[in-house]
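The next part holds the structures, each set out as structure tokens.
Each of the two complexes below includes chain A, the first together with chain B, the second together with chain C.
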Partner chain A sequence: MAKYGMVIDLDRCVGCQACMVACKAQWQTPEDYFRTWVKHIGPVQIKDEMVFTSYVGQCNHCDNPPCVPACPTQATFKDTETGIVLVDYDLCIGCGYCVEACPYGARFINPVTKKVEKCDFCYPRLGEEDPACVKTCIVSAKVFGDLENKDSYISKKISEGNTYIIATKEVNPGPNVYYKGRRSKIEAIIKNYPPEKKDTLPAKIWSNVLRPFVILGAGATFIGSLVAFLFQINQGEKEGEDEE
Partner chain B sequence: MGKPISRREFFKRSLLGAGAIGVTDYSYVFKKFPPGKAGREDVELIPSICEMCFWKCGIIGKVKNGRLLKIEGNPRNPHNGEKICARGNSGIMQLYDPDRLKYPLLNVGKRGEPKWKRISWKEALNRIAERMLEYKKKYGARSIANLSHGSSSIPMRKLLKNFGTDRIAHASFDQCRGNRDVAFELTFGMGAGSPERVDLINAKAILLIGSHIGENVHTSLVKEFIEAVEGRKAKLVTVDPRFSMIAGKSDYWLPIKPGTDTALILTLINYIIQHNLYDREFVNNYTYGFDKLKEEVKNYTPEWAEKITEIKKEIIIEIAELFGRSKPAVTIFPGRQSTWYGNDTQRVRALAILASILGAVGRRGGYFFPTKIKLKGCPCPNKIEGEDFLCDTSEYPFMETTTECIREATLNDEVKMWIVYGSNIIHNTPNPQKTIKAINKLDFMVVVDIKPTEPSLYADIVLPEATYLERYDIPFMVADSRTPFIQIRRPVVQPLYESKDPFYIVSELSKRLGLKDCFPCETMEDYLNLALSSIGTNLRKLEKEGGVYRYEGKPFLDDFGGNYRFPTPTGKIELYSTKLSLNDKDPIPKYEPVEDPPKGWARLSYGRSPVHTFSRTENNKWLHALNPENDLWINEEAAKSMGLKDGEYVRLKNQDGVVSDPVKLKVTPGIRPDMVHTYHGFGSQSPFLRLAYKKGMFENALITKIVLDPIMGGMAKRINFVKIIKDGKEIDFPVIKQKPSGFKKKPEKEIKIKLTAPLPVGGHEEEEGGC
Partner chain C sequence: MRNEILEKYLPLTPEEKEELKKKRIKKHHVATIFLHWFNMLVWLTELITGAALIISSNYIFVPRFFTKLVSDIYGTRGNIIRTHIFVGVVWAIVLILYALFGWRRYLKPTLKEIFGITKDDIGWLVSKFEEVALGKKVHYPPQDSYNGGQKLFAIVVALMVPVIIITGFIMAFHLLTPALIRWAIIIHFIAVGLVVMGLSVHIYMALLYPPEQEGLFGMIHGYISEYFAYHHHYKFWRKKKKGLDKPAELPPKKDLSPIKAGIFLGVVLFFSFYLTGFGLGSSGFVQRTLVAIFGAFAPESVKNHPYMGHYWGVYPLWNFLVFMGFGVIIGTLFAMFLSNHKFRFRIEKGDKISDIQRLIYAVIGGIIVGFATRIAGGCTSSMALSGGSVFSPGGWLFMIFLFVGGYLGAFFFRRLWK
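Coming up: the complex of A and B.
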């Protein structure tokens, strides 16, 4: 079992935003939508230190992701093999409750597909090459890897010390994206973009009242997909065997 | 938490989902999970070279069915490898920009308010050739001028020199790196290089003066710089009146008073000499004029400099000691855009001298040497007749033809026709009002570009060029490298619409001008094969090898057995310049004061956005989404006393009464109160660039005052002053007295943690060290 995570070194980051565009190019998100972000903070005075930093962020693939229980169709789930929070686009109905639930604002509804989108650590590239943002990062500020593997480079980076997560006492869903850098930079991020405590009411309504209806709806979607799938087979394309 | 789903099961589902979400590049998905319609095996990987800026990073185009899906870095490129910046990643949006120029156009309307009629290439080229021959006959070949930028304009320049004109100017030289290159030429006998020849990775200390590495993203340079500073912990000194992101990574930040940099550098030189911190052996062996230098700089003391530069003398001394300790592994970064205050060549000379006395030339951690090899090319001799008296070379001894020379000559009726090639001369040159006045005097103007930028609005004929992703270019030799190489740009996709590559344009024109000898090669492939035959390879072979040919470099003095002769008149590094002395200029730099802003005014400074290249990329959809407009940095204290708030829009008025478009304020403590700062390239005046049009402020319109550098004639631009206009009312800048300052990074307590222990949570002081 692996648990994938990321370390972002803010001392190395120059805020060039290459990661945002590489991600966009990989996933073809609409113009103003990005799965990852680089927000420039400063220059501001934090205590006796001037700070100018970037808040490089994306889905944190949390240990206790608030988006998962918020999802009425179980489209959002935490993958048991990799720890990555994934979205099953067949089940997603684009209701946006997970978008509301995320303390980091890491999700959005794609206006073209009407489904939710977010970083999935480039899941389809997994085991072959680094996520698009990591690969293009011109200063190697992003490190991706398996946190469970104590010999991995990412584990080494974290154990070097001065490593933080973006969380507060009130809001800490157990993010798996770690930050390195001068403490003042982390403080500037927390001050400007604190993880938000979200009202869980809509999620409760979903799970208690509306879920039965939604499952019906999702069933209909599934049948639709099945028809499409069978159609594809008829076109002469076969689903291959998973080699793993 | 939801029901656990295995990877295998997820993929079964997402195979169906992929089509639905419209992701075009699903090549990765299907490698192990055999294909739907977007199988990876159909994707062709084509190596080429980026030109979203001029740094020439190696790229790989991922192409499927003739359509470019994604651009990545070329791992075979010794410089950038897999890394490309935001602009490099966005090249695809330049290629598929719906606003691109598509066909040759004839303006049948007015200059500035064009009515365009689509014409054929044949007609366009015939008309251009006719005019050129007519003007040559009537007024001489030098009545035709060329303003150009970029690698694709090289064949045109060759043709024009063969035609007989030397009125050829590049904004990239006379408004950017010109005085730096001339200063290095005078000192070392060679320019500073592009990429700059700095061995950052081995540096123990680095000095940046007015260079915001990171905001000007030159990928390989930034990559090495960060590795040096953050990986290998080289000490970094940043001199900048603005707290740039790099200032935030520095061990020392010196918010210097604008215009006083030369005073600081000369003081460092003096202190290093006086305290025997210089490299005595190196100075004896490799430099000329040390005693004269010592005598000349002796009065520049830290006490004196503190008053001039507003940097604490203790900090100046500390830095001088740091450089002395670290020598010769000190990178004195040459800078790039260096046309600032009017005596800039001498400032860069001072930097070169500082590096030299530290022995940081041809040594690890300092400057290194280029390694060039000879490549064959098509013969195309210059046939320039007569002499150019227009640029008064007695006044500016090291001047080449500049934009200003051409502008003046046009206003004096000496120039009848401009060929503007890949250069937005209205946006990139100060005082656009004057440029437009000159254009309106022309008989004929041709613009070659990929987009309908401002000059095309004034052109009689506009030619659509193929973008860098659709064409070959001449081979690029990266000699300014410790691992030199030759790389090739090739088309990643076929040219769209009727756009044509530069070779077609120039060779067709040369036929019509009766200069076919200039380009005897039939195609660009022939030209490249001829050039590559000199290194025993050819186009196909090189493409198979990833588009990169590497050869051995000799970057350091060691490589010459310690017996190196600099290509200067004395064969040594000229601390005392014999050429300047012959031309009645100061052979050793002196500090000359620069005019301060009058009471109520602030100095206008400009720089680069990390996601844009000058005014070339603002219409790129993805880059526009990242940074649609420039903002104006203004000091927090000044803004407060002026009643201005962060995020509000104001206008600027300059000393000549020019009023700007609205610009958004960025209120910050990270800039001095006697200046404001903005990013260059925004506020396009062309309505045909639908995203960029009027977004942000066109700062060059406010730069109406220029001073020419007395040595090489470059246009200094940071000498313009502005006031704020809010709700139609002019607001004066307050006088805020600056105490001498200079900041040193405080060491931070190391927080050691084990991976299993809980991590420190951001923002909670009490948890510090708790792990």
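Coming up: the complex of A and C.
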């Protein structure tokens, strides 16, 4: 058992976007699609500070990921061994409910494979080397490791203090990507890219209106048939003769 | 047998009852029986695998132990979805073939009957309701070969099956846009839900409800007793007795005039160029099929053959002309149905020669023409039609000499066609 996470030190990040390039080289995502991103924010005024920062983001591998229940076939699932939110490409039908559900916009439908894609902490490289973005970072702003192992470097980084998550009071799915740096930088990120709770229209209609109707209808006819059968047993067998 | 009961649904005398019980009447054709049980297997598999696929807490509609059980049976959940898609595609293909080839004989009459709801069908539903819910003793109005309840279920199925197939294909092959796939999921669920509602009544009626028992055996061997038919499907029985059940044979439609056909051919040719970048051709299909057949038996010698080897290396059947050849066959069958022709094998020939003679001449002619097309680089369709339409000099030359050769040949061989 492990729980992998990441710490991103915004005070170290220079916004060079090398992590985006490394990720793209690793996963060969189509043009204009990225599993990780660096968005430049600022200069903006947060309270009495002038902030200029980069929003280095990717899938947060949340503790309660909203994308997992949104997926009808559960192609998206939280791996119990590693805590990484993974996608089973056999099961993905490319509906994009999870894309809509993600508060961070970390997912996209790959226009070539027609299936969903997102950061998986370079799952195939796990145990061998760090994720591509971590390994390539010129200033070591990104740290990857096991959050449950108290001796790991990442745990020490977090226990140093000044760590934040991107969440609001309303939307907090328990992200496992932590941010370090001046507090005003995190506030600027949340102000510019607030995590949003979104419901998709078809899914809403299904769970609120149609599912009760379909389940009730199918259940009612089934129970109706059952009751009729029990009545029939009670009355004893009769031949179809006495219809006249 | 009294004549009145052929006109009106009357109570039977005990003798008539005995007489009718002895006689059997054909209810279902073997194709319908096959399709019915094939459908049952498909629905069983698809409902089980489909329900087991949906395990997310927002959508789940079966208990968890069931989804786990199915996952254990199939090994991985990937296998479940592959099975679901495979069976679904096979089902769709069988249904489409049934609809194509059985349109006139099975599907059209059935659809006509189930959508032709009459007062008697409504009456049956009302009577059934009164009997089951109110416990009244009722007398059912006379019914067609499907009663009111069966018609209602059949309408739901007939409307929902295409919806299920289309939404299923959209999901399975990630067609169109993700937004449409999202709706396809929901619509798939609703359509299946509607059919399942009818399904439990359908199964109860067939398996467990004694008065309908004979109908179940009718769906196994195709026959029901006349007594059952008289009581449950009076209108169907009367039609059978009067010999009105066979659809009237429509006379074949007249051929299109050559000028109109030529214009249509030109339009087809235009779209062939526009959509695929190729013209029409037919000898390539035959020739590539032959190469593939030879190659299946003797790949080495085909590969080394100076002529056939050229085609063997590049997947002989992966070619526009091959797909077009199959398209022509399917299109011809379509045209056959539309023009009320019947499917049958025949040898077209003149009156003076026998079938054998005709075949011998055809083989000899075929060898000559086949040889010639390969020298010319195409047959009449590809050289004259496709080549001529793009003003290829070779194509026009071919066309001119085709007619010259045709008239010369006709001078010698026309008596074969007299």
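The definition used in the following text is that the second predicted complex is superposed on the first by the 199 of 244 C-alpha atoms of A that agree within 3 Å, B and C clash if a C-alpha of one lies under 4 Å from a C-alpha of the other, contacts with A are read in each partner's own complex, and residues count from 1 in each chain.
Criterion: contacts are C-beta pairs under 8 Å (C-beta built on N, C-alpha and C of every residue); 3 or more make two chains touch, one makes a residue touch a chain.
This structure is a prediction, so every number in the text was calculated from the model and none was measured.
By the touch criterion defined above, A:S152 lies against neither chain B nor chain C after alignment on the C-alpha atoms of chain A. The larger set of touched chain A residues comes from B, when the choice is between chain B and chain C. In the superposition on chain A, A:C95 contacts chain C only, with no contact to chain B.
By the touch criterion stated above, A:K135 is placed in contact with chain B alone, chain C being left untouched.
When the two complexes are overlaid on their common chain A, residue A:Q74 makes contact with chain B and with chain C alike. Of the two partner chains placed by the overlay, only chain C lies in contact with A:I109; chain B stays clear of it.
Of the two partner chains placed by the overlay, only chain B lies in contact with A:Y178; chain C stays clear of it.
For the contact definition in use here, the residues of chain A common to its chain B contact set and its chain C contact set are 68-69, 71, 74, 88, 90-91, 115, 225, 228-229, 232, 237-240, 243-244.
Residue ranges on chain A touching chain C, taken from their complex, read 68-74, 88, 90-91, 93-97, 99, 109, 114-115, 200, 202-203, 205-207, 210-211, 214-215, 217-218, 220-222, 224-226, 228-229, 232, 237-240, 243-244. In the complex of the two chains, the chain A residues touching chain B come out as 9, 11-12, 14-18, 20-22, 24-28, 31-32, 34, 40, 42-45, 49-54, 65, 68-69, 71, 74, 76-82, 86, 88-91, 110, 112-113, 115, 117, 122, 124-125, 128-129, 135-141, 147, 150, 155, 158-159, 161-169, 172, 178-179, 182-183, 186-187, 189-191, 194, 225, 228-229, 232, 237-240, 242-244.
Residue ranges on chain B touching chain A, taken from their complex, read 1-8, 10-26, 28-29, 31-36, 70-73, 80, 82-86, 88-90, 92, 213-215, 217, 219, 222-223, 226-227, 230, 243-249, 253, 610-611, 621-623, 625-626, 668-671, 743, 746, 748, 750-755, 759-764, 768. The touching residues of chain C, counted against chain A in their complex, run 11-12, 53-59, 61, 76-78, 81-82, 132, 140, 171-172, 174, 178-179, 181-186, 189-190, 193-194, 196-198, 200-201, 203-204, 208-214, 228, 231.
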